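Both complexes shown next keep chain A, but they swap its partner, so chain B is in the first and chain C is in the second.
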Partner chain A sequence: MSGFSRRSLLVGGAGAVGAGAVGAFVAGRATAADVPAPAASGRVVPFFGRHQAGIVTPAQDRLYFAAFDVITDDRDELRELLAAWTLAAERMTRGLEAAPDGAVGGPYVAPPADTGEALDLPAASLTLTFGVGPSLFADAAGRDRFGISDRRPAALVHLPHFAGDNLDAGRSGGDLCVQACADDPQVAFHAVRNLARIGFGVVSLRWSQLGFGRTSSTSTAQSTPRNLFGFKDGTANLKAEETDELNRHVWVQPGDDVDWMTGGSYLVARRINMHIETWDRTSLGEQENIVGRTKGTGAPMSGGTEFTEPDFALTGTGDAPLVALGSHVRLAHPTSHGGVRILRRGYNFTDGSDGLGRLDAGLFFIAYMRDPGNQFVPMQRLLSAGDLMMEYLEHTGSALFAVLPGVGDAGGETGRASLGDGLLA
Partner chain B sequence: MSGFSRRSLLVGGAGAVGAGAVGAFVAGRATAADVPAPAASGRVVPFFGRHQAGIVTPAQDRLYFAAFDVITDDRDELRELLAAWTLAAERMTRGLEAAPDGAVGGPYVAPPADTGEALDLPAASLTLTFGVGPSLFADAAGRDRFGISDRRPAALVHLPHFAGDNLDAGRSGGDLCVQACADDPQVAFHAVRNLARIGFGVVSLRWSQLGFGRTSSTSTAQSTPRNLFGFKDGTANLKAEETDELNRHVWVQPGDDVDWMTGGSYLVARRINMHIETWDRTSLGEQENIVGRTKGTGAPMSGGTEFTEPDFALTGTGDAPLVALGSHVRLAHPTSHGGVRILRRGYNFTDGSDGLGRLDAGLFFIAYMRDPGNQFVPMQRLLSAGDLMMEYLEHTGSALFAVLPGVGDAGGETGRASLGDGLLA
Partner chain C sequence: MNRRFVPALVLVPFGLLAACTENDPASAGGSISVVSTDSACTVSRTEAVAGNLVFDVKNAGSQVTEFYLLAGDGLRIVGEVENIGPGLTRQMVVAAGPGEYLTACKPGMVGDGIRAPFSVTGEAVVAPAGQLGELLATATEQYALYVEEQAEELIEKTTEFAALYVAGDDGAARALYADARTHWERIEPVAESFGDLDPRLDLREADLAEGEAWTGWHRIEKDLWPEGDPAYTAATQAEREALAEQLVADTNELGERVDELTFSADQLGNGAKELLDEVATGKVTGEEEIWSHTDLWDFQANVDGARIAFEVLQPALLTKDAALSDLLAERFAELQELLDQYRDGDGFVLYTELTADQVKELSDAVNALSEPLSNLTAAVVL
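Then we have the complex of A and B:
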């Protein structure tokens, strides 16, 4: 990563400020480790690579996620859109405007090429991660609009219904998705807005979600953040440093599926409303029993510190296991799933109130994995059936996307010049 | 301001990081001036004072705003709530949990006294600013539920209907309001959530709004941010440094109104949807003509730099004024309002999409003033009738609150120990 950004001359200094803070951060001081990266860092996360950025990139603090419907049946238009998105995304992640003329450099008589609200803001670690949904291959009527059904990944099927699901179609699905993560939410919003604008006439925004605080760490250099139940979340998450585990659990490998997906991944998004008012009326003991960890340090109920492995066999009074049978940590643990793991990258959200005096808030769950049918689906089946926490949760949105493999630079590290090469070329 | 916070031992270091960045910020370096304060600063903004914090406090980057309905008719319960809110708010702005036992220090068999999601986060410049709406004095049926109609400020009346208003009752009004501003949105959310929780049975959340990016500067040390039209917003805003102007335009003065309001202010909130997709299809020239400033530097169309006063008399081709007659800057300028000014403190927002493929986004306008009937109301009348920008705006929420004067510490700087003393005591 570099502290360099060219959005404006002002950014050089910002980059320097950001780099200083990042230095402290990566050094792993206890003091810095619990402090999110600066809001306006000049950090640039490289766009090009074998995999897309925004998956194992250390989770930025803010999210703006968007799902689009493709409103054309013309394959060329779709391919051209993905090529245009590639160029714009690569620019914006460098802290540049969406197109060369930008917000103010074009003809006075034409609409500007960039919407301008990020003009003075640095790159802020922006990543843009793109995926395609099952409906791109077969729409609601079963039509293969783009003649790509033979390239459909076998793993890209609609998620099944889970016990307790209360899904809103207007917050679910989508032909395409963009996950924008950044240290500054205005930078993330600007990116999605400009991609939507570039797609005018080809795509229509289906739903979007702002996330105000990350709930997972994706690097050992990051501290574990807290969800809206007040607990540390994702302690045992997969981390960027676990290269072998990522190949095993996150990245699609050669021979897994259709060729073009090699180096890609699958993204499960779930909008999970938390009934926080009810949760807040339960005792500390009950909360810790449900989660299976202490609220303060996040240590498992079987003892130790945050990163101690839970001892699921250890019993206490009356021979009851210290980590309850229905606790979240037990049912989500790899030992309950034959060693299978996922990379979580979720965010806390709030969308105001629900009309009944309660906050409309919760966790926008995002997870990356190599094979959802063998990873998320069995996990969620077990959790939705048995997790004590389910009493306080309501899944209101759901989507699955095949995350495209990364794009190479002009030199051709990957042999792909645009998002969607391999799928549409 | 101090870099000290006691939420956890970890925060000391964070404070030091924050203080360093703030130092650079206040020094006014061009590089730092365009960089918002760090997201996780340990800065503590003092809660106690003659005026409430969060008005002339340099505008933090993130907002969570909530309006509540009082659901009791018992004046004592309301007074006790405001006393409890005072204690909790003062603690949280210091980076502490909402109550002494906090999230994990209380009895195991009782619900925790704090919800915990800000446990490891520093103070982050949190300010909490409280107000009371007209409906507290006379509800929809005209009832004076709390026997306070004789203390109603004359200036606290429902705002009139303005041309083009398309207000949603579910996003308007309220008996009480809390404006939470912070460098970290999770800190602002945590504060509102814990205040709502303390008010269980006394108040019910009516509406709330997350703001992801500030659109105004309230200090000469801050750079001017951009709204979602991509323009710098609030260049000519009132600033904390203009003490005389604040007394003239923002703070209620002795003799203005009911005694207890001295040192208070009035807050106008307007949720303004921006039709950004339409705006994005207009030419740069048209955009600049509408705003009356250039998009790049924010200079008035009559020339100069951002802080040059517009020359409304200067004409160009065909004797047309360079700053158009219907431009926003001309109609909002103090010269169009007999010298009257307001202190703006708004935020960009997005609440997902609107079901028609467009972003539900805009400006959550917040402004503070001494007398809304002679400041906001005539301004908005002129703007809603003549501002060229109105074509791209839709006001969807509206509220007016009397902002309580500040609270003193135990020593009694103000003679008030709790929010609402003077109104309810």
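Then we have the complex of A and C:
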């Protein structure tokens, strides 16, 4: 049974599925011709590389995000876990089981090493992106459990309290994080479940979040999706094709901070509940005024089409700006932040309803950046203080993680480089 | 109480007498395929090199079949895989030293089967089958003694508890409740293997189907700790007597049946895993003792039972997987250290006194132990 892999079961079907999926994206943007086709369901996204996958990878449709607490004080155990996670993650992103012969090929008297729900499913563009939180360097009591405080990046701090934050500690923070993105939610779930299982005794799941639909496009080949307010989201997002801009705004550069972070990034996660019911009672005019874009095409209120730059100076009746002063698009726009940009990679979520007949739903905001203190923090301060949309938002979870640099393929199963080598070596 | 428990582990296809030195079935030159039909037993090779042999046995016939590797005398079973349904493939891993053997398919599961000679060449495997077999036999004997001992103490304390309850000495009955149940919880998977006794003795109120009679420990628990349910009507004296009488009778019956039990190594390993499952699903959540809140006594008892199973298997495990043995010893110790923080006099604090963070910490320690413990069985029997 040693040749039994998820991937090998699918070779026949993947091509046909892929063709359909690509077709669906063609209308996205005129510049799509020279970039890789967006994820088709059978596609394998390479795990190894200078940067981790799952950041500029064209945003897959599904998310399962997990934050872990490290429950050991033993640095070797932590390093061994990251090595084990590296092996399993790389396998799963190829559409394989978490371990060879994992689901059904192992001994009959032992529990299977892979949980099995992704058998028969393709790789589904699975990416697994790993990060470390500030609490890994100093726990709640201020202890440096792993002797790594001298390697703590200066940029990795606890995010400040923003106006209106109503954070649940049980949905915030964490020592480690894994962002699993895939075209199939079951593939993403399977990955997190198996990583959690490998980690028992070393880590404990702190919180997790399922996202059912992407709200950002990270490639010019992708169309702009809609958030749960019904608006196109992330039109002006950083895109995989903007190499120079990514180096400027997303990837940690040599000399930025501690050496081991070079090639890494920072991930801000915010669980943003939307007051969906009150939003739905708001007039279309008011909704568009709050967002600063039309609901139909996503064009800025100053005119044009979706990708027309907003003209914040353009005024109408009574000299009022067409793009309202407190509109979301104006306050989030790079021109309000000295040209600073971030790469957004958020997902729509719902966790059922709240017992009062309302949906517990919103946007699980994920953004990648080079320096959160100078990118996300000022941006969120401005939004929390002045964004008209804040009336309909409630931030209920928050976390900042330093995203590890990518793992280069050192070749061979043994002696291969692992996640966190630079941090824990 | 766990209704999903499968009492006997007769389906396990691996011969317990078969020792092996490593868990690398591929080392002996790939698996040997066997096709069993109603009239033929086709084995892809008739010769193999000593070590772990892997047979992939496919049942291509219309009847349930079995496959055996027999010693050259045709009598001693070296390895077996039973209950292969039509169309299914099962794997058999067996460590075989050099010598002459017989393969046998047994379609219909009767008779001597369709036999053919099979040769194993090369060097002898390192751990002789006999040595591991002896270690495992000792382990199962020790465990049987432990179970009998716990059953005896259970009977003694249950009898005393029932008398106090009937006499209306509720304070003394409450004081003895958790202590007496400790002996039940230590051997819970064994007790649960008796599908008629277990529901009568250990059913929780939430486990009851509509119209089902409620007897046993938890029925009496609620009568002794009625505070949690304002609508509760206390048992009459006649009801008390009936409940107590049945509790003692069922416990005595349990003791008699336990005396006749023998165990196999896989039952010990799986029993240890099930005890930790009990902790994870019933005790760490505070559901087991919902009226008395004495869950930590049960927690400790489940851990005791699992640790005993591990300890009696440890000599065998050390010859097979010393790293797993070390890890389990360490994780048992860590969990015990955590539990000891909640000791109070002869017992423990009530579950309701634990904070959410403390429960989480206990749960993490249970998970940390349970995951490697789930590999104990395979480590000793493969």
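Basically, the second predicted complex is superposed on the first by the 384 of 425 C-alpha atoms of A that agree within 3 Å, B and C clash if a C-alpha of one lies under 4 Å from a C-alpha of the other, contacts with A are read in each partner's own complex, and residues count from 1 in each chain.
Simple rule for what comes next: a residue touches a chain if its C-beta (ideal position, glycine included) is under 8 Å from a C-beta of that chain, and two chains touch if they have at least 3 such contacts.
On a predicted model such as this, the values are computed, not experimentally measured, just so you know.
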Is A:Val109 touching the first partner chain B, the second partner chain C, both, or neither of them?
-> both
First, second, both or neither for A:Met389, with chain B first and chain C second = neither
Greater chain A contact set [chain C / chain B] = B
So, does A:Gly201 touch the first partner chain B, the second partner chain C, both, or neither?
-> second
Which chain A residues lie in the overlap of the chain B contact set and the chain C contact set?
-> 107-111, 197, 200, 204
For the complex, which residues does chain B have touching chain A?
-> 8, 10-14, 16-17, 21, 24, 29-40, 61-62, 64, 69, 103-104, 106-112, 114-122, 170, 183-186, 189, 193, 196-197, 200, 204-210, 212-213, 223, 225-231, 276-277, 280-285, 287, 294-296, 348, 350-353, 355, 357-359, 361
Of all residues in chain A, those that touch chain C in their complex = 1-2, 71, 107-111, 197, 200-202, 204
Given the complex, residues on chain C that touch chain A span 12-14, 23, 26, 56, 90-91, 93, 266, 331, 360, 363-364, 367-372, 374-375, 377-378, 381-382
